[in-house]
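Labels A, B, C and D are assigned to the chains in the order they are written; within every chain, residues are numbered from 1.
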Amino acid sequence: KSFVQASDIQKMHKRFDNFSHKGDFGRILLIGGRGGKVGAIILSTCSAMRTGSGLVHVWAEGASKDVIHISCCEAMVEGEKILDELDKFDALGIGPGLGEVPQDLLRNIFQSTGKPMVLDADALNVLSKHPELWDLIPKGSILTPHLKEFERLTGKSSHHFERLDKASEYAVQHKVYLVLKGAFTSISTPDGKQYFNSTGNKHMATAGSGDVLTGMITSFLGQGYDPLNASLCGVFHHGLAGEIASKTKARGMIATDIIESIPSSFLEMQID
Amino acid sequence: KSFVQASDIQKMHKRFDNFSHKGDFGRILLIGGRGGKVGAIILSTCSAMRTGSGLVHVWAEGASKDVIHISCCEAMVEGEKILDELDKFDALGIGPGLGEVPQDLLRNIFQSTGKPMVLDADALNVLSKHPELWDLIPKGSILTPHLKEFERLTGKSSHHFERLDKASEYAVQHKVYLVLKGAFTSISTPDGKQYFNSTGNKHMATAGSGDVLTGMITSFLGQGYDPLNASLCGVFHHGLAGEIASKTKARGMIATDIIESIPSSFLEMQID
Amino acid sequence: KSFVQASDIQKMHKRFDNFSHKGDFGRILLIGGRGGKVGAIILSTCSAMRTGSGLVHVWAEGASKDVIHISCCEAMVEGEKILDELDKFDALGIGPGLGEVPQDLLRNIFQSTGKPMVLDADALNVLSKHPELWDLIPKGSILTPHLKEFERLTGKSSHHFERLDKASEYAVQHKVYLVLKGAFTSISTPDGKQYFNSTGNKHMATAGSGDVLTGMITSFLGQGYDPLNASLCGVFHHGLAGEIASKTKARGMIATDIIESIPSSFLEMQID
Amino acid sequence: KSFVQASDIQKMHKRFDNFSHKGDFGRILLIGGRGGKVGAIILSTCSAMRTGSGLVHVWAEGASKDVIHISCCEAMVEGEKILDELDKFDALGIGPGLGEVPQDLLRNIFQSTGKPMVLDADALNVLSKHPELWDLIPKGSILTPHLKEFERLTGKSSHHFERLDKASEYAVQHKVYLVLKGAFTSISTPDGKQYFNSTGNKHMATAGSGDVLTGMITSFLGQGYDPLNASLCGVFHHGLAGEIASKTKARGMIATDIIESIPSSFLEMQID
């Protein structure tokens, strides 16, 4: 078990040279934001752009397309047929505002790409109801449940130590990274290690905060970070951006403020 | 009768510890924004997010859903069936931009939840026309009329002292908190006390200013403040935020500026 | 003929006391923004809010309603029946993005209210084609043509002095205020006087700049300024806001920047 | 071959006098943003406004109209019939988010106007598939391919020197300016010269960066710059704005940030 600190994080970042083009910064696809929950995928999308992705595509439906264009004109909005072209993406992030979907959607995505992906929110809820999908999750994928989502996945725990043990077991057994969000977010790895994040504060307990994290981790994954570094850098900068934003927003901080402070967290950590 | 000052307000605020999650900061539902008045509920929604709510849901109709997502992507937009699930909310705020609705809407809401709620704008207009609803208002609810709305509710007064007496009577008789908005906003309580707010200025006399207040009081109520503290903290920070905003906006201040200054009012009052 | 300067302007402003409510700051209606030109009325609307109006209503059509709510959530959007309730407004502004309309629209508006109003853009184009409407314009109304619109109204002039004479004649003959926009905007009055504005610069020659001015003058008119003061204060603060914005925006200044700088122009002139 | 520096750029800028009106700053038309790619044309549109255009028109379809109004209320949105009125524009920019279109659209535009225009993105893709259109491109037009688009146009190159030679050949043969975007953007001219840009950095390798450049070059062209100066000033200020933005945004820079920094690039270069 180890406590991740600023000096560790700096080394985990990829460096890009001056001749990098937008393909080098990765092309990702975010899936979610259906029905009345398009706001969640907007937060993930803006967050991924601000974390440095070269190209962010979003799968959305009907009128939601316009909502996304207005909220993040840098993103590309796709129709359903994009599910047949998953290979062209460096990373996928699935779940924010996805709503209830048939398990076949996840099953098909898992089977049509072997690449690690980020699974959050409603995607985790599908997994909770369908344990038969667990071993189909591409190896090295990153699951980002908050406490309640984790409970749905693995049942109630009587205390946090038990919960951490369950997280580690789940990660080892299914060969995934399990990011358990909370006051000290833990990252459990397929080889049984456990990391604890040192950034963030209570003002980040606000609607959409988790959607922002999903965008950040997916972005790093798409930029070519391995899943461990993507997870650690994601939770670290998410927390640091939240700390920076709450200096001026205090209790009034909202998820959008976290996104707006991502660049400042890069500057503070001297990530060029 | 007492004049509320900064030192009183600081003690009225709830403190949250470092392990608080978004549920602790409350889940509220705002009802309004129908037809051509969706702007009003947008202001309440953004205001509630900025006041610290963990989760803000909005009931809106048709195309208004997209308008709300674009204007506040942190909010969740609900359809009509949410009225059958009122129990899951820590507080309700009803009225901004609600338009003309059948009295049955209010009656059903009053009867399906015993929790105090905030009633404003068009919800007050329904109450004015239907005094038979007055005793169904959940005890401890907060009514926030401006002078004209108060007049519709209780008839004309020949001077402001008479109006204050009527406000106190109404609060005592119907066991509600009556926030009478104006130059020195008064808060009348069910036990016959009357408080006067000390913040704010004339530049707050602008469209949507009241909708912002509704969002703030509902937010505090949902965070677990008792109705008196929610009312007093709401009007105090609303006024202070307005004062802060008008330093740079002067006569050009608009309601959105008040919302943007809510965090500064927390910082100035050292509310963490 | 006189050159209007900062010291003159300060005296022309109305002062509001601390007990002013939003009704005192005026309720105005803006008419325009049809078809592909809704952007124009958005600029007028935001501009009027920023100039201090208590309540701004807009008449728009179909999908444009949502566009306006998103762009200025403080405004109220109305349907066609509002034309039967013009009496409830303190001032009207007609024209920005109005598109081609039958002359009867203007005729009906002129005949159903005796109050001075602001006529701009496409409303002026209707007047150009229908001189029979000229004497129906409510006395004291304010026309705000740019050079081309003025030419359509009164024919070509061989030089600017001739144009100024025509402007004065038109104002006297039809008992209106004629604001001829350009490098030194002139204001011709019904009693034959002519004022010249001293603020503004070339960077204000940008799309939508005139729509902003329409919103400002309508706002002052609705706040209870007489038409001369509304015109003079409108063009002065419009120019000053433009000067302030162009300090940081240079040639890249857009109309929205002018609106955002209106509060600074009030602060600079010490208008509380 | 020459390396363009700040001192060269200053002399290439047009100066405007105090009596300039919005017509002097040019009226341009941008064509693109169809289907799921309206974000691209929004970036070009906002960029052109920020570069100093007097009037920016956009051809878009259906619901996209509202998206554009919301994102840039200063722009005018046109329907298909605008293609019959191309003469009234000082410059055209075609391609960002255009999607797949029949070659006849380009052919008709080329044939109905002899004026130089900017061709980018999907317009270049049409040219790649239809070499028979190459000699119909109005003389002096500006093509702005990134490396992949250039490859589609002229085939693969074994190294960058070969690519630069091909660019020069293409420019000479078809009498166009060829802006080959990359780490050191090159500008090849019809008379065989080649210029290299000295501004920009790796953080500009982000979605929509190219759309911003298209808006900037089209804007300068519409302001009356000759195609060489429009190209050189466009790429220079695009790069400088990116450098300025990345000081505060680092790796988190997005295309919108580049647009927001255009005014600062004018101020830094003392372009009034």
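FYI, a contact is a pair of C-beta atoms (placed from the backbone, for glycine too) under 8 Å apart; a residue touches a chain by one contact, two chains touch by 3 or more.
Since the model is a prediction, treat every value here as computed from it, not as a measurement.
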Fill in: Shortest chain-hopping distance from chain A out to chain C
2
Worksheet, complete the sentence: Fit chain B to chain D (C-alpha, same chain sequence): the rotation, rounded to steps of 5 degrees, is 180
Worksheet item: For the homomeric pair chain B and chain C, should the interface be classed as same or different, according to whether the shared residue numbers exceed half of all numbers used?
Response: different
Discussion item. Rounded to a whole Å, what is the gap between the Cα centroids of chain B and chain D?
Written reply: 49
Item to complete: Report the inter-chain centroid distance for chain A and chain B in whole angstrom, where each centroid is the mean of the CA atoms.
Response: 35
Discussion item. Using the touch definition from the top, which residues of chain B touch two or more other chains?
Written reply: 63, 66, 70
Practice prompt. Specify the contact topology among the chains shown, as one of line, ring, star, complete or other.
Written response: ring
Item to complete: Please give all chain pairs that are in touch with each other.
Response: A-B, A-D, B-C, C-D
Discussion item. For the complex, give me every residue of chain C touching chain D.
Written reply: 36-40, 42-43, 63-64, 66-67, 70-71, 146-147, 182-183, 201-202, 205-209, 248-256
Worksheet item: What residues of chain C sit close enough to touch chain B in their complex?
Response: 16-22, 24-25, 49-56, 63, 65-66, 69-70, 72-79, 262-264, 266-267, 271-272
